[in-house]
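The structures considered in this document are given below.
Shared between the two complexes below is subunit A, which pairs with subunit B and subunit C, respectively.
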Partner chain A sequence: MNDISTWDIVRNLLDGALWTIGLSLTAFVLGGIAGLALLFARIAKNPIPRRLAQGYIEVFQGTPLLMQLFMIFFGSSLLGLEISPWIAAALGLTLFTSAYLGEIWRGCVESVPKGQWEASASLALTHFEQMRHVILPQALRIAIAPTVGFSVQVVKGTAVTSIIGFVELTKTGSMLANATFQPFMVFGCVALGYFALCYPLSAYSRYLERNIHGSRAH
Partner chain B sequence: MAYTFDFASVLEYSDALLAGTVKTLALTAVGTVFGLGIGILGAVSRAWKLSPFDRIFAVYVELIRNTPFLVQLFFIFFGLPALGLQLNEWQAAILAMVINLGAYSTEIIRSGIEATPRGQIEAAESLAMTRSQVFRHVVLPPALLKVWPSICSQVVIVMLGSSVCSQIAAEELTFAANFIQSRNFRAFETYFVVTAMYFLLAIAVRQAMVQAGQRLIARRKK
Partner chain C sequence: MALVRINGLHKHFGSNHVLKGIDLDIEEGQVIALIGRSGSGKSTLLRTINGLETFEQGEIEVDGEHLHPRDTDLRALRQKVGMIFQQFNLFPHLSVGRNVMLATQVVKKIGEKEAEDIARTMLLKVGLLEKFDAYPDQLSGGQQQRVAIARALAMQPRVLLCDEITSALDPELVNEVLAVVKTLAAEGMTLIMVTHEMRFAREVGDKLVFMHHGRIHESGDPQQLFANPQTPELANFIGSIN
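Presenting the complex of A and B:
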């Protein structure tokens, strides 16, 4: 098949990459919101939300993303909902992302020295005020580098959604490889596409990690 | 909406589930042994700046850590035959696992090696140990011990990630799940059971890794 030019391949892959970016952003934003809820459940005084959040995190960190996607895809049809691969992919990756971000952020909150809690408690701040004015601003600075670092895992995780039929960069690559019989070139380009998306994030995360101690809060 | 769950139709295929579990564990074990081997070589090259290997490993680590495992697998299985390297599904799956874990463990072990106190190496050198003796006896065991928890987590992540090897028809646990649900038409039950199996496997693999760490590395510490 010679009627598919290199330019056609690249253009189609770029289209696929847009879906990869869209899915990554969706999962990262929604997963971040859910992760924040998990964080608050995880550091709550009441043990019930704490245990529930811990169980949730363990299940999502202890099972393959592919299985999570299958469960959502086939579980929803069991409930009588016919959801598209896009919805299943976005939902699956959001849940996956929230579990990791919730756990990363908990580590950041817990790394704020205990004296900060005690000092703010002695100023008669309520629990909410302590979180809002003392703990979270400090935890946030610690959290930026690992959060950016984790975004790389989200982008790479989107590749797995190709298996449930969501047409993003990897799926586009598979289809093109089948159509052109040039798998070496096509998958090489796909890998380069992911690298172009992920490497800046990795490098930025490393830069933040190196500079966290040198920079000052405003 | 009445739906009757039928888990018995999944358990009828316990042979396939067991065979898949064995293959997944074998894949993980081989990947771990050789991946950690590459990781140690890469880590010492990077930490001690052994030119030109430090540069080569730096590029390798960045390439692997910034691309999805599934794409690496497809590249190896579908792409490499164009270069004349024809691998069957197991060879491709193992190679992908080794390469993937090798890159992550390079970075993990490197941080352990770089945390070695300078005085330890100087003391060893003053005992007239050669460079490789210093590395084998003084630097590596405590470095591995320090980063072992991260290595355990990474091995679990790689084991869970191996589920995508089903896509090149390597008959591991996820492949077994796909096969079973194509026979009994009980997709949800099948994937539920297999997901639970992965969850238990993750716990078991982590425990095994922790034990292995204590046996193999901690033993040498006085």
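Presenting the complex of A and C:
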């Protein structure tokens, strides 16, 4: 039928999967850093950073990831900036991830009892010191499970970047499907690849969720 | 000169006028027992003294540190004012020793070794030195409250605010906490205590302050006021407690 062997398909898909992993990690790490900044803005005493962060979060949570990627990819070329699909994909997913992580983490910070803020304030700690020594260590424990859980959304979100031409697992799959005329087999393998990436993450998140209440912080 | 001076203090929560012109001077070493019905403004008064609540009008001065309406830089003031809460509010992720050491290290920039010495001294004072490495959830309520007292003392405050610090405790644990407070009073610590322990107020208090509807309705020597309240509201309140 053709001269592309099953091994060729698997090899190419593994290659694409590496790009998916790379993009996920990039978005997760950079999005995490930006998400932390958003978190601080979101709980600041000053209403200006608070509103700005809230607006940012609403925009990125209220529009499809695909539209965000289109805006970045086509918008930048409209401005005369030629950015590669990789940069556009990484930037888009990072912004998307930061908005969600910022909001997830804010929920965790707000679930730390008010008495912890008051006790540390009455010991003369500044807002930043309260966060650093009292609030974040407790919020972090609460945050681990939902954060790992959200990482699954990031991995699946990378598939959307295939549409702007970034060659990750899904895009590799479409190209192979066109070349081999075996879309079912190829996309079956692609789906299996995503499952292999996501299942351990969601299983781990569930495990953490179950154990967070039973276990001690120490 | 008084250690704590409160002049013409007014506080609203929205349209709710909670403190309606409080004037109160507290001398160094005095133990003030603050009593009154629920909702009369006792907690709010304590919380304005260390800046946990802002106020709209009046002035607070603690050991030369002035606090004005809507002040936001409270670091100097808060180092002079310690506070103990009804719910203990120990930091659950830190050991008992670390709870006591934290602010001395972070705020006062005292080194690890010296901070640990201070913490051990304070824990010894409240009778919990052997719990240095324990975690808060391994302690009884009474023990947690004593750690909270040690944690406040480690900052060497000039005045200690106590807001119903035995109200969340099982009855058999109340006395161990009151005993610690009694020792502090005997050592000359300035204390402002919101309390429902009337016997304690009478025995340990130097001055009784009765709050009613956001005002200091009556104040004076505890023995005399308990024996001979001047207003029907205080007489009523004492009657309802006993």
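Here is the rule we go by: the second predicted complex is superposed on the first by the 217 of 218 C-alpha atoms of A that agree within 3 Å, B and C clash if a C-alpha of one lies under 4 Å from a C-alpha of the other, contacts with A are read in each partner's own complex, and residues count from 1 in each chain.
FYI, a residue touches a chain if its C-beta (ideal position, glycine included) is under 8 Å from a C-beta of that chain, and two chains touch if they have at least 3 such contacts.
All of these numbers come straight from a predicted model, not from anything done at the bench.
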Give one of first, second, both or neither to describe whether A:124 is in contact with subunit B, with subunit C, with both, or with none. second
More residues of subunit A are touched by which chain, subunit B or subunit C? B
Classify the contacts of A:204 with the two partner chains as first (subunit B alone), second (subunit C alone), both, or neither. neither
When the two structures are overlaid on chain A, which partner does A:174 contact: first (subunit B), second (subunit C), both, or neither? first
I'd like to know which partner A:68 touches here: subunit B for first, subunit C for second, both or neither. first
Looking at A:141 after the superposition, I want to know if it touches subunit B, subunit C, both of them or none. Which is it: first, second, both, neither? second
Touch test for A:40: subunit B only (first), subunit C only (second), both, or neither? neither
Can A:116 be said to touch subunit B (first), subunit C (second), both, or neither? second
Kindly classify A:183 by the partners it touches after superposition: subunit B alone (first), subunit C alone (second), both, or neither? first
Common interface residues of subunit A - those touching subunit B in one complex and subunit C in the other: none
List of subunit B residues in touch with subunit A within their complex: 1, 3, 62-63, 65-72, 74-75, 78-83, 156, 160-161, 163-164, 166-167, 174, 177, 187-188, 191-192, 194-195, 198-199, 202-203
Using the touch rule from the top, collect the residues of subunit A that touch subunit C in their complex. 113, 115-116, 118-126, 129, 133-134, 137-138, 141, 216-218
Given the complex, residues on subunit A that touch subunit B span 59, 62-68, 70-71, 74-75, 78-80, 152, 156-160, 162-163, 170, 173-174, 177, 182-188, 190-191, 194-195, 198-199, 202
Interfacial residue positions of subunit C with respect to subunit A in the complex: 50-52, 74-75, 78-79, 81-83, 85, 87, 89-93, 95, 102-103, 106-107, 135, 137, 148, 151-152, 155
